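Listed after this line are the structures, all set down as structure tokens.
Next come two complexes, and both contain subunit A; in the first it sits with subunit B, in the second with subunit C.
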Partner chain A sequence: MSENDFYTPTDLDRLRMENELLAFEVRFLKARSGGQPEVAGSPVSLSRMTHLEEAETDLKLLLRRIQNSPLGPVARTNKNFRTLSERYLRQPDRALAMSPAQRTVYLEGAEKDLKLLLRRLGRGPLGVAFKRRKSFRTLQERYL
Partner chain B sequence: MEGIPTDRPEHPVFYGGRFSEEVSDAGLPGDHTVLSDWDVLPAQLASALEPASILVVLDMLSFPFESLTGDLMDVPLILLPPPGSDADFLATVFGKAAFSRLGFFDRVAVAEDDLWAELQGRYGLARGQRVEVEDGRPEHAAAEIKDALEAESTLYAPFVENDYEANRYWSERGDALAGEAPHRAICSVNHGPKFNKAIHRVQEKALSPQIAVARGTQAEEVPFDVLEIGAGVGRWAASFDPTRTRFTGVDISEGMVETARKNFPQCRFDLLGEDSVLPYGDESFDLSFSVTVMHHNPTPTKRALISEMWRVTRPGGRLMFLEDFVSGGWSTTSTVYPMSVNEFVGLLVDATAGQVVLEHVESIRYGHDDFTRGGLLGVTKLGVARTW
Partner chain C sequence: MSDQLIIAGFHRSGTSATARLLHRAGLFLGYELLEALPSNPYGHFEDREIVNLHTRILADNDRTWALDEPLLPVVGQQRWSLMQRIIDRRNSEHSLWGFKDPRACLFMMLWKHLLPDAKVLIVYRHFSNSTYSLGQRHSSDMFLGRGSAHVHRRFWEEPDFALKMWLVHNNALLAFARAFPQDTMTVSLDMIRDGFPVVWALNRRWNLNLVDVPIAEAFDQSISVRRVRRQPVSDKEWGERARDTWSRLEELSGQTEMALRKEVPVV
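This part shows the complex of A and B:
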């Protein structure tokens, strides 16, 4: 690859695994530097934190997709949806200012909200339509 | 046997120095370049070595070893000591500049057995690092070395699509390559020694400090017991001081084990059975490690090996895994079973009942890749030793 070329992923599996590896390393370095003593020295906690961060990312992506889809105007009339959007999309830097303990609670909340959202979308009259989409099925398999 | 496809054609560069005319007149066969002492001035050295798959230094007295830095260190060396020189002379003149910098992929062309034994003892060289020549004169040695390189580059291990079975494949491939072309059996069978040396240097940069950390927790006078899984021809044995370390390696290939024993007679090498049971008692080692072994095996074998490594490691000892954690999906043309770092850590926790503490995580990027492929994980085994 020449220096002027951008890195273009051609293999999604490879990209996912590379992201996991780099995130795992960053998580470990943060833990070792004393940023998060509660996860230092525990491989389970490290992988759990990585999983929670992925859940937060997936939740943000899902909310953005719904917002930008034809269902967006309808979804915005729902109070719960507005709360989720407010919490996860309108304040992108909020998590950076949190202490390690607060961040863990925040991320666990994001995972819980994602599960709840996936369950609600999977039920209801639109559930059949959502389940036809591969990306939605992947999220359900991953989190439910 | 057919020739193997390589990343680029093998192109040895012979540094003839003051003897370049004689070496050129010797009419070496095949693709190669002969350099004189004017060609290796500091400003020209990098471009002169750019096409080199291997650098054969036939005139050590005029070669600028101090200019071999950075990526130039990836070029494997074959050194021909000046005719008639003894070990003391070589150590005095070239000790620091050349011999102490030699790695497992570098070699020395020596005619006299006594001189080889002296050099081997002083610099911890492996048996496989000797190129036997009959005549120490540069023009004659060049022809012998060229013949030896030609013979290595035509060997290959067959890969049958849709027929990859880890134990059989690595056993057969190891047996086929162990004697004549060990570097191909080490990292990448489809690439030459330069590529393999570059991979080794990246791995060594990550692994060596962690080995030192693991060693550092022990008292100086206590021997450090080390076990390598998939030791091959023993390339990592060279990274340990034999006066302070008892190195043991296991491999599934009989040919590899035999070659490793010849390379490092002071170390122990054993054959690993297909059941992946290590032939050692519980809590026998202070450090157990594997380098690019796990990712070539399916999950049940990985689990068995990790579990066995944990069993034979002493409480407080280290387990280290330098593996590829990034790969495309499983394909019938690949020998890699992809497993992400999270999946591997899950397996590690599972196979050791969680009785480990994560000590080190480091991602590893090889020079030829445009993405991060490898990672080094180090864990400490928890528990209290059964025997003191």
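This part shows the complex of A and C:
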């Protein structure tokens, strides 16, 4: 499409944008329901929720990467790794059905699990190899 | 003789945090800095005089900061004179000064015309995260009834609006970097977050005599938001363009890293 052509948003465009705005509104209202969380530093402030959601995403990505790497078969023999995979990768829609309070607890758990995993991966001989990777160092800096 | 360093980058790309870092390092950024807002809790580090000037030039051209198409600004004599006054005052009072304003991306050539020796630090961030952060800022402002509802609504009425804005600003920066490679240094927000010693690199390249400040002191890792899911786009062509611009920015920042790799201290 040329830049000079007229462009009328399709119904799908409108729906997508409306959904996007609604998602922001939900986050905004959730943050507000905590009573001026940005100011009072509530544990469920908008920035905290964003941070927790990012931790959950990073944890899932890390677990998937380990699973698909040559280390995957070894990792799967570890009970802790299987528990994390079960919790965060096999039930992707679990968090959607939760109440806001349950979701916060779930996301805080994800952040804790991510920190534990990063600490464990960073130790021992394998830790040296992990720390050579920029993405791993970024995660360590962000969460540890 | 004064040195000048302009910090240029699209909205929500980490320019405020970078400016904060350089401000601490001793870069004079203006006589009256804009106050902090919830969307920028540590402040914008934007000088009111410079922001007003840019806003007026945009208005002269019937545009606002929310620009989603390339602009070749027409600048009247009055504005040129004001720019010159701004420069003269700072040159006479500061051996090193600069400014930061996302609108500056659109006016780099004007400043370069008046300040031929000025150096420019380009800061960029992935379109997905910049546009998401912009959406979050304008949705919050809209729900709080802050600012112009008409401007806020554009983000959800015009498909790919924020993405087009990202493209216009970053393409203008790329054009500038191509024209003045010796006076430009390009870094990504991720690079700075990952410990790239930006102050040290600036000193090394241009002898600016900035005080080296630990990045962690000025960079709060927790305040910037990232998109959790993939970036939605209505017109795939804009997506392709954004990817292309992103690659070219990455290429430039790769050059910055390459040039300093052998000399970068352990941080």
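Everything that follows uses one rule, which is that the second predicted complex is superposed on the first by the 102 of 144 C-alpha atoms of A that agree within 3 Å, B and C clash if a C-alpha of one lies under 4 Å from a C-alpha of the other, contacts with A are read in each partner's own complex, and residues count from 1 in each chain.
FYI, contacts are C-beta pairs under 8 Å (C-beta built on N, C-alpha and C of every residue); 3 or more make two chains touch, one makes a residue touch a chain.
Bear in mind that the values here come from a model prediction, so they are computed numbers and not experimental data.
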Chain touching more of subunit A, residue-wise (subunit B, subunit C): C
Touched partner set for A:20, first subunit B, second subunit C, both or neither: both
First, second, both or neither for A:111, with subunit B first and subunit C second: neither
Partner chain in contact with A:11 - subunit B first, subunit C second, else both or neither: first
Contacts of A:134 with subunit B and subunit C, given as first, second, both or neither: second
Touched partner set for A:50, first subunit B, second subunit C, both or neither: both
Subunit B and subunit C contact sites that coincide on subunit A, given as residue numbers: 1, 7, 13, 16-18, 20-21, 24-25, 28, 46-47, 50-51
List of subunit B residues in touch with subunit A within their complex: 325-329, 338, 340-342, 345-346, 348-349, 354, 356-358, 360-363, 370-373, 375, 379
Contact set on subunit C toward subunit A in their complex: 38, 69, 135-136, 139-140, 143, 156-159, 190, 193-195, 221-223, 225-226, 228, 232, 234-235, 237
For the subunit A and subunit C complex, residues of the former touching the latter: 1, 3, 7, 9-10, 12-13, 16-18, 20-21, 24-25, 27-28, 38, 46-47, 50-51, 53-54, 57, 134, 137-138, 141-142
Residues of subunit A touching subunit B in the complex: 1, 7, 11, 13-14, 16-18, 20-22, 24-25, 28-29, 41-44, 46-47, 50-51
